[in-house]
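In what comes next, subunit A is part of two complexes: it sits with subunit B in the first one and with subunit C in the second one.
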Partner chain A sequence: MDIVPQLILNSIIAGAIYTLIALGFNLIYGATKFFNLAHGVMVAVGGYAFFYFAKTLGLNIFVAVIIGVALAGLVGYGLDKLIYLPLRKRKASNMVLLVASLGAFTALQAVIAILFTSQFKTLSQNVGTQKLFEVFGGIITQTQLIILLAAVLVMAGLVLLLYKTQFGKAVRAISDDEEVARIVGINTNKIMGYVFFIGSAIAGLAGILVGFDIGIEPTMGLSLLLKGVIASIVGGVGNIYGGVLGAFLLGFVENFGIWKISGEWKDAIAFVLLIVFLVFRPRGIMNK
Partner chain B sequence: MEYLIHLAILFAIYAILGVSLNLVVGYTGLLSVTHAAFYGIGAYATAILLTKTGAGFFASVILGVIVAIVVSFLIGAVLSKFKGDYYALGTFGFNTIVFAIFLNWQSLTRGPLGIPGISRPELFGINFANNFNFLILALLFLGLIYFASRFITSSSLGRVLKAIREDETAIAVFGYNTLYFKLAIFVISAAMAAIAGSLFSSYITFIDPSGFRLMESVFILAIIILGGLANLRGSILGALFLILLPEILRFVGFPADIAAQMRQVVYGVILILLMLYRPQGLMGEYKL
Partner chain C sequence: MNQSTKWIVGVIVVVAVVAVGYFVSKGPSEPVSTEPIKIGFIGPLTGDAATYGVDEKNATALAVEEINNAGGIKGRSLEVIYEDGKCSGKDAATAAQKLINIDGVKIILGGACSGETLSIAPIAEQNKIIIFSAFSSSPDITKAGDYIFRNSPSDLDVAKGYAQFIVSRGGYKNIAIISENTDYAGGVKKVFNEEIARLGGKIVADEVFKQEERDFRTNIAIIKSSNADAIFINPQSGVTGGLALKQIKELGVTTPVFSVFTFGGKDALEAAGSATEGLIYFDIIGLATGKGKAFADKFTSRFGKIGGNDYDTGARYDSVYIITDALKKCAENTECIKNYLYGMDWYDGTIGRYKFDSNGDVLGIEPLTPKIIKDGKAELYK
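Showing the complex of A and B:
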């Protein structure tokens, strides 16, 4: 049997998931210029919020998705207002912000584990009865198709938002030079708050989708965050297109890397890709 | 009493980890979040050597140190080209990968099952199965590492490291190859962490990968940031404080599984609060 079509499909799906993480991460990095590690836990926040509203309270799936995404966004927004904004006002260094985000990551992940136990949970309603589609000899599930669609839609939406609206102009101005943006009258702190909301909401959506595809656990954010960060660096940190490119490159490298060896080495392969880029092209593919 | 000795041994192990990490983070200003990886390498070296061969504890310590030196040299050679947040991110990824290797290299590490039945050391007729004797041994190592670190920081090497922290370009202009110095201190610190790992696995007599995940590195980072960067006594104080803290939580009376998570919450919140209100820690001489 030919395994290549399936590997290609798996790579594309992995790339789509990493895209969702990298988009939000890059958006936030672009505006604030620090690595927001707490971004990883937003994935779990989204997944668990959906789990609570859809499964425990029994709400309609679509309502629950909206609540989950919004809640992840709100947590991101709250972190910005409570922690990052005061630090920024004090002109704290990037390292201080990074350590603070690491603290937020650790604390929030543990809070989720306390509320929902650290057991693995699955989100899909009827396991095993998913519709399967055959594409060029490979198999793709309905959930995975939705993931792909969501990644494309979110990216298109983000590009429209950034390049066609007043708000997007302000975000790009801040990414370019925060000080100048403030001088010309942009309320940078307000805009950054929104950027945190949008970025975290996208991560929340990713969490829900991954939850449908595989399942959720409190620690799910870490490895996804790592992949998102690697994708961002490979593509070019702070660059929206770069993040997408990096995500798919990572998806392909990872999945073809384990063609001949055991699947558990995926993370190691991803890290090797990061090291290769750090050594030879630390600014990433897209950045000048 | 037996319980106090247990806490004292844990304190000694974490004080070693804190002091050695402080060399990298505090003195050289490189935010390394991968100390648990080298701690784990030492622990696994001892565990594997003691359970699979008849070699003694001290031989296993040396093996652990050698493996840690080789690994830290390879990864450090790449990382030392960077500073600031890229450095942090690289170490962050590296810890995740090492954890994945502990978990997945089942033929060597037995994966999630862990390695039981590690024996306690015996030397000159003194049996370290006795906890009190083991405490003396641990404190001896702590003293050794503390004075070695003191020697390093007060030597000319220590002054170069501080200069790298304050202004890497300036010291490079004076003809110092900063890459070598950053690499050297990273390797030294990793070797010291491996010793702590050997002590840990021999003391607990059982190890599994969960003790060496990223959160453990965050914990060690919390120790030194709380105690104070670039202050060795601060790291010891930090270790004392954070080892005793869970005991206070225990008196509050949480169930065991929640208490473990509660600890993570506390560590995370401590990091955030320190960054917000006292980034130099209790007695630090350097702010991130």
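Showing the complex of A and C:
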């Protein structure tokens, strides 16, 4: 049996998941210029919110998805208003913001573990009986197809938002130069709040989708965040297209990397890719 | 200062000296202390393997409560200090240092994961501290030290049994194995692969994944293309084992799948869902009979269904009673406890009748019970 089609599919699925993380991360980085590590925990917030509303309260799945995504967005928005905004006003350095976001990450992860225990849970109702689709000799499940679709739609939506709306113009202006944007009359703090909402909501969606494909646990955010950050840096940090390219490149390198060497090297391969880029092309694929 | 004041001061000084002398000399001859006897516990209380650690903790708490209600150890109660080993050697070692140096315990119940036990064994051996594991099955523990005991069977026998069953009873020749990268699973893999080769079979794919991995699709794609006629999943925890099985089915693989006792726990079943249908796994004898059943009922009514593994939970419960017997005989003299455990007569526990061999390994436990999952329920494989 030929293994390559399946490896390509696996790479694409991994790439789609990393895309969802990298998109939100890059959006927030673009506007604020700091590494928001708390982005990782939004994945778990989304996943657990969905779990609570759909499985514990028994709400309709689609309603629960919307609530989960919105809640992750709100938590991100809240973090900005409660922690990052006061720090920015005090002209805190990016290092301080990074440390604060690490604190928020750890605290929120602990809260989730206390509320829901750290036991692994699956979101899908019919685990193991999914519809399978065959593509050129490889197999993809229904959930994975939805993940792929979601990644494409979110990316398209984000591009439209950034390049076709007044809001997008403002975000891009802040990304270019926050000082100047403020001088020309853009309410930068308000826009940044919205950016946090949107970025975190995308991470929340990723959490729900991963929860369907694999499952949720309070610590799920960290490994996804690391992969999302690698994808962002490889692609060009702060750049939307770059994040997507980086995500898929990472997916392919990881999955093809462990074809001939043992699977426990997967993370090592991902970080080698990161280091290669940091040394030879620190601005990433897309950045000028 | 007049004469009479001098006299009074003199008398007070004399009385004080005599009184202090009296109490000091009396101090050590005071009858046995009524302070609780502190023992340590190390097991994974968080992370993938937490179900095992939490079950063990609950089993320990239940046994301790019963022992204390029945009068404790010669009037002293038993107190357990619980530490999280996180199924990692590093964390278990830190926990052991804390228990031994700060809390001053002489006995540690744990670890659950082989990695935990192997990393605390040298520390314990050096300090002459008794280690009693209920679940670590790595073959390396056999020779880990004189103070190291376990009532869990060694994988040396268990893993050979897996291989013999698959090759001799199943008739499969080309075997694919997918293992978690931990001390325990690595131990099983080594013995299993050697035994398969010895029996004339062939390992056609030997895949390994790291502990936090959740995406096994590429490992499975490689297994699929290896044309194996049987797959053996060799995980450390229920979550990884369950997810690997689920993804095997999701990639359309129909090859028969075998796995280990982790599928006796609800973690693996939750993660794999209906993908478990037709799986054959090797359980250790559970808590089905007499004393075991009584314990399982007591445990369930108190803490809910056993999440990790019946055997482990029962073995941990037994261990507290065995240690209590030893403490009654030896107090906290670990040299004496060690000799007591080596010389212990057949113990009638929840997991069966057993004793320790000269390496501190368990004797008398039949390690392999093949089961098959049919219509979502595990039944004995015949």
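The definition used in the following text is that the second predicted complex is superposed on the first by the 288 of 288 C-alpha atoms of A that agree within 3 Å, B and C clash if a C-alpha of one lies under 4 Å from a C-alpha of the other, contacts with A are read in each partner's own complex, and residues count from 1 in each chain.
Simple rule for what comes next: a residue touches a chain if its C-beta (ideal position, glycine included) is under 8 Å from a C-beta of that chain, and two chains touch if they have at least 3 such contacts.
All of these numbers come straight from a predicted model, not from anything done at the bench.
Participant: Given the alignment on subunit A, is it a clash or a fit between subunit B and subunit C?
Facilitator: They clash.
Participant: Scan A:Thr165 for contacts with subunit B and subunit C and give back first, second, both or neither.
Facilitator: Neither partner.
Participant: Touch check for A:Ser262: first (subunit B), second (subunit C), both, or neither?
Facilitator: Both partners, subunit B and subunit C.
Participant: Just to be sure I read the superposition right, which of the two partners does A:Asn60 touch: subunit B = first, subunit C = second, or both, or neither?
Facilitator: After superposition on chain A, A:Asn60 lies in contact with neither partner.
Participant: According to the stated criteria, A:Leu108 is in contact with first (subunit B), second (subunit C), both, or neither; which is it?
Facilitator: So A:Leu108 only meets subunit B here.
Participant: Is A:Ile233 touching anything from subunit B or subunit C once the two structures are fitted on A? First, second, both or neither.
Facilitator: The answer is first: A:Ile233 touches subunit B but not subunit C.
Participant: Just to be sure I read the superposition right, which of the two partners does A:Ile83 touch: subunit B = first, subunit C = second, or both, or neither?
Facilitator: first
Participant: For A:Ser223 in the superposed arrangement: first (subunit B), second (subunit C), both or neither?
Facilitator: both
Participant: With both complexes overlaid on chain A, does A:Phe271 touch subunit B (first), subunit C (second), both or neither?
Facilitator: first
Participant: Just to be sure I read the superposition right, which of the two partners does A:Thr141 touch: subunit B = first, subunit C = second, or both, or neither?
Facilitator: second
Participant: Among the options 27-35, 81-89 or 117-125, identify the stretch of subunit B whose C-alpha atoms clash with subunit C after superposing on A.
Facilitator: 117-125
Participant: Once the two structures are superposed, pull the subunit A residues common to the subunit B and subunit C interfaces.
Facilitator: 113, 118, 223, 262, 264, 267
Participant: Inside the complex, what are the residues of subunit A that reach subunit C?
Facilitator: Residues 1-3, 6-7, 10, 13-14, 113, 118-122, 124, 126-130, 132, 134, 138-139, 141, 214-215, 217, 219-220, 223, 255, 258-259, 262-264, 266-267.
Participant: Across the complex, what residues on subunit C touch subunit A?
Facilitator: Per the stated touch rule, the residues are 46-48, 50-51, 181, 207-210, 212-219, 221-222, 224-225, 227, 239, 243, 246, 249-252, 267, 270-277, 307.
Participant: State the interface residues of subunit A toward subunit B in the complex, per the touch definition above.
Facilitator: Touch list, subunit A to subunit B: 34-35, 37, 83, 86-87, 92-100, 102-111, 113-114, 117-118, 222-223, 226, 229-230, 233, 262, 264-265, 267-268, 271, 274-275, 278-279, 282.
Participant: Could you list, by residue number, the parts of subunit B that touch subunit A in their complex?
Facilitator: It is residues 31, 33, 78, 81-82, 84-86, 88-90, 92-94, 96-97, 100-101, 103-104, 214-215, 218, 221-222, 225, 257-258, 261-265, 267-272, 275-276, 279, 287-288 of subunit B that touch subunit A.
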